[in-house]
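The structure's right below; bear with me while I get my questions together.
Just so it is clear, A, B, C, D, E and F label the chains in written order, and each chain counts residues from 1 on its own.
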Amino acid sequence: MTGKFVRADGRDIDQLREVTITREWSAHAEGSALIEFGATKVLCTASVESDVPRWLRGQGRGWVTAEYAMLPRATNTRNARESIKGKVGGRTHEISRLIGRSLRAVVDLESLGENMITLDCDVLQADGGTRTAAVTGAFVALADAIEWARGEGRIRKRAEVLRDSVAAISVGVLPNGTAVLDLPYGEDSTAGTDMNVVATGSGDFVEVQGTAEGAPFNRNQLNELLDLSLIGCGRLAELQRMALAQ
Amino acid sequence: MTGKFVRADGRDIDQLREVTITREWSAHAEGSALIEFGATKVLCTASVESDVPRWLRGQGRGWVTAEYAMLPRATNTRNARESIKGKVGGRTHEISRLIGRSLRAVVDLESLGENMITLDCDVLQADGGTRTAAVTGAFVALADAIEWARGEGRIRKRAEVLRDSVAAISVGVLPNGTAVLDLPYGEDSTAGTDMNVVATGSGDFVEVQGTAEGAPFNRNQLNELLDLSLIGCGRLAELQRMALAQ
Amino acid sequence: MTGKFVRADGRDIDQLREVTITREWSAHAEGSALIEFGATKVLCTASVESDVPRWLRGQGRGWVTAEYAMLPRATNTRNARESIKGKVGGRTHEISRLIGRSLRAVVDLESLGENMITLDCDVLQADGGTRTAAVTGAFVALADAIEWARGEGRIRKRAEVLRDSVAAISVGVLPNGTAVLDLPYGEDSTAGTDMNVVATGSGDFVEVQGTAEGAPFNRNQLNELLDLSLIGCGRLAELQRMALAQ
Amino acid sequence: MTGKFVRADGRDIDQLREVTITREWSAHAEGSALIEFGATKVLCTASVESDVPRWLRGQGRGWVTAEYAMLPRATNTRNARESIKGKVGGRTHEISRLIGRSLRAVVDLESLGENMITLDCDVLQADGGTRTAAVTGAFVALADAIEWARGEGRIRKRAEVLRDSVAAISVGVLPNGTAVLDLPYGEDSTAGTDMNVVATGSGDFVEVQGTAEGAPFNRNQLNELLDLSLIGCGRLAELQRMALAQ
Amino acid sequence: MTGKFVRADGRDIDQLREVTITREWSAHAEGSALIEFGATKVLCTASVESDVPRWLRGQGRGWVTAEYAMLPRATNTRNARESIKGKVGGRTHEISRLIGRSLRAVVDLESLGENMITLDCDVLQADGGTRTAAVTGAFVALADAIEWARGEGRIRKRAEVLRDSVAAISVGVLPNGTAVLDLPYGEDSTAGTDMNVVATGSGDFVEVQGTAEGAPFNRNQLNELLDLSLIGCGRLAELQRMALAQ
Amino acid sequence: MTGKFVRADGRDIDQLREVTITREWSAHAEGSALIEFGATKVLCTASVESDVPRWLRGQGRGWVTAEYAMLPRATNTRNARESIKGKVGGRTHEISRLIGRSLRAVVDLESLGENMITLDCDVLQADGGTRTAAVTGAFVALADAIEWARGEGRIRKRAEVLRDSVAAISVGVLPNGTAVLDLPYGEDSTAGTDMNVVATGSGDFVEVQGTAEGAPFNRNQLNELLDLSLIGCGRLAELQRMALAQ
């Protein structure tokens, strides 16, 4: 290839799609954010309860958990509702667990006290990267919910509950071998390797999940993808800070 | 009571909340509308499939069905997801069936041909009247989906698939005995009688569902409520026409 | 139409089918009634427990709830059991909720004390009007169960638990436009409008559920149906009184 | 023990409770019988379908199957519905399978042709012996359904579909060591050994299911129980013949 | 038949397959045994918990229960997992209940104290007789678990928890009319009558479950099968004693 | 730390536990292997069916899928069966999907033809690393099943179905900061970062799944873990070759 590679949507290989974070979208939730990565739209709400799961009671510590789901017509063709199928699919489970783990990685559960915060991440429209948008938006909703709980006196005034911020992004290798950042559905569905990286605001890894969809990948490709992911997560951390500063 | 009764939100007894219909909200669905009745927000998408349920195959007729659901934090306190509970609750079933029946009342299933249209009505935020907003918004999404199918040649050019429009509104009796139109959650939760009425654009009834939550109601009260409901449905039909005319 | 309209089974338009109420059908239940509306047979049992649902505990009030179901071969062709399908259908849910609400409308839950009464309404044979027979029979079983509980000292001697009686009937519009009372399956399956009305012994409404199966209905038709329904509910209230007086 | 042992209900040790078989109880089913063993009442209906389970298709043979269930208040205290629990319990499964196997033991599935007959055995009231009443009543319903199918031309005129009759009875050992026939709930709940025997009209065994509830039983006790069971099944075969001869 | 009948695997009619009991197979369970009846392999583990089911609490008595299951490819063709189907089949339920009842027949629940022992019997490879191998192996795991609990001081030192041993075997009638002991799959699938017998070490019956798969069986055949079963159970009791003596 | 760090079980940081692969463990499956990583024992069976999932029919390509499960007492304390809970947990789903993807990464689905191979990986005993043992053992079972299918003529003689071998291993960071290979439960439960790596025989990555259980990890730690994982996967590939060569 001679000349700079141009992606279908005109972005550079290390460029995010347009990211929008609408804080306090919900009139009811203790924290909320509607996050958009291009055409991907995820509504994240944080619900605070003064109770923790049974296995955690009486230990003075809190818990943060997440549930991810897609509206049936968030995608190009309609998917049957999991409530009607009567069971939650493997993909849904996997992503819900990923979001919960990612958030807990930056939360000091002792400082949170015996509070439980549930993050609901509902994909209203999907165009690739829904799980990474969910992690990124859920962090904003979580931060607001923690401040709400502090205001209510449920968390001690000076407790440093959040040790860092956390965000996530997808990276992948296109069929022509180019590694790119933040793949929309069109790129994602043809990518040979697909990786989701969750990183803190200070640039450390929380999760690295890389999968060879077609041919296996080597160490060099892995390094290239990790580099890109840290660029993306760094930029998202900045956008989160800006949103929370408003 | 002397003097005009004033509702908590300042509306007249026969006045709707502010209604907003955002057509073509979804990038993927064949028809869609985000409908707002005050703080109640319902996303309605219409999905067209070239197949009908098994029991209808080979009869040259189509089908219209609906699924209603609420996001877990659409309400003031979080509700467990039905997908996780593994079963759909009675209320959800009831409302889904109501929406489907209401839409089919104005659709000529023969003219629709062997197409199946599924209306997904997902409540993003709830403040009373979610089922009536869903019926009203779903009609707009349905109308767009039918035109899309016509454009694709799946429905005959001049087939009159929609015989009329359809909209729905709630009416109820406040504790002081006043009958009012379009109850937000605050009024709904204290109302003695609660009624949902579905009516066509030409003012006929499709569904009348009245329930005495506290004391039974008499014939006069029933008539008063029916009068109010027709005022509301008439106004909604006008708003639907305006939205579809844009 | 000239001359009096004759229904398929020879009844007048405002005439009930033969109604039989067999009290104390069950050797085990605290109250029970086998009710027949023509060929429709519903076994209603009332079970008293000295416990209330969790959300009601410690408030000194009781609860009345109902579960409706059909034997698989109650109908003309066999229906799969809901226990085997592993889920309760929308129609079953809807009717169970209707019966529970209807009964609670005439019960003073404070006077009931911390007792819970469950009405099981199992359709042994179906020929239209199963939900209305269920409401009507369940009231008789409920009245007996309340007297049993009073006899056991679980309810105070002079507590007026039942404020009124409650009964239900179906009305509908036949294809020829005639409004009729108490439709058997043959009439019900062809009726244009179908309405179920629940009313108290003193003639007030508890529920009004009208549905246009085909063409929407206008105000005059609605009024005609409501008139018929009150005639039917009045006659049923009389039969309930006679059954309970024996 | 000196003198003759007298059972709580006055019966001899080898005496059945009063048995009543009401044929053609159902207006809809192709065959039906309400069978009563004392206070135990089981409604048995037979449904004929012109289709067989997938694994049997195209072999020219039919199938007979059964489903057993109890109404929630058939017993002294209310049991939760299996449809609401969302799963069928082990006991229900076990008995349904027993009934199906017992009936198939006397049916020539080749002569039945590609017809499937489902026996629904619903216990309306329980006082011990529900499974044995179910087998006995289901045979009568099955015989009627086979004659119905013959009349409809679905079974060849002279095909001998039923090779024999089949009936079932319970036997058990009371705490005082006495072996008795046809135990009502009061005896059954205290019996040391509990056995259900299914036998053909000609006196051969189809099923023998004996269980030591308390102490194990020896060969002599087993023989005594088998003797009693054959007396009971013989008497039931006679009652079936009489019912079917009417 | 002249000359001695020879079975497909060369055994005598009253001869068991090779039986192997590997005690303490599991590194984690409080008691365990891998039992083999020829090619049938069942892993039995006993888990001790210091809690009893709710309905038994505070009575000073313990409980013994069992769960039976098959690996999907334990059999010749693969069976779908019950966890994925979302429900436990009737056969699984039936066998689990049989194992539990059989073990409880020789356990003094008072002496066990408020301990609950769960026997998991997982079939790793199936070749007929899995339920009888499960009962026989589970007894060995149970005996070890009881000694473990005694060592931990959870059971009184001299409490005689086990009143006897218990084992199980299958017997059946081959198509040629010969009654045989311990049927592998090949014989079982063609046997006319199939019986499973559970007996104590002292030779009394705990369960007798005989089923006519084809033609009904008479009293003589039944007696022949019972004779064989007692020979088999006697031999198994000996093998259990030897395994536990090591 | 001065001197070489010694692990609890005496291994070097880059040393596998003792690995045993018992090929052809099952008498029924088309391919099977019992694999042991120390005390972790996983039974892997491969089942070949001449049918593919519906969405793949008629394309001339095959499919490979996997199901992972644990026996209830594979672990130190008993876990409830997923079949009895009625749903498959998120962890089970996640691992099943991982195994399936890992195997498909080295299979040429075109060469496989319209065959479906299901790998069942059942954990008989768990001591950390069950998913990595499952991937490694499943590959051996898969290889045997493919040769079986070739022998049966279901796969073309010279079709190169397997493009490479595939194996998996866990790596992690101990609380003292040391990165180690192949963690047993004792190390795994205290590790700060936990990573599972799936790699081909030629040393490329198929999956990289790293999770910060406590503190996030940096790029250096990630590299150290990746180095270790490739050592482990290389050694496992050798053991697979040896097993398959016997």
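What to note about this one:
Heads up, the rule we're going with is that a contact is a pair of C-beta atoms (placed from the backbone, for glycine too) under 8 Å apart; a residue touches a chain by one contact, two chains touch by 3 or more.
This one's a predicted model, so the numbers in the text were calculated from it and none came from an experiment.
The interface in A-F, E-F or D-E that matches A-B, meaning over half of the contact pairs are the same by residue number, belongs to E-F.
Work out the mean CA point of chain A and of chain C, and you get 51 Å between them. For the pair chain A and chain D, the distance between mean C-alpha positions equals 59 Å. Per-chain CA centroids place chain C at a distance of 33 Å from chain D. The set of chain A residues touching two or more other chains comprises 86-88. Chain contacts in this assembly form a single closed ring in which each chain touches exactly two others. Think of the chains as beads on a loop: from chain A toward chain F, the beads read A, F, E, D, C, B. Of all the residues in chain B, the ones that touch chain C in their complex are 87-91, 93-94, 96-97, 101, 105, 164, 195, 199-200, 203-212, 215-219, 222, 226.
Residues of chain C touching chain D in their complex: 26-29, 32, 39, 43, 45, 47, 49, 67, 69, 71-78, 81-88, 92, 118, 120, 122, 124-125, 127.
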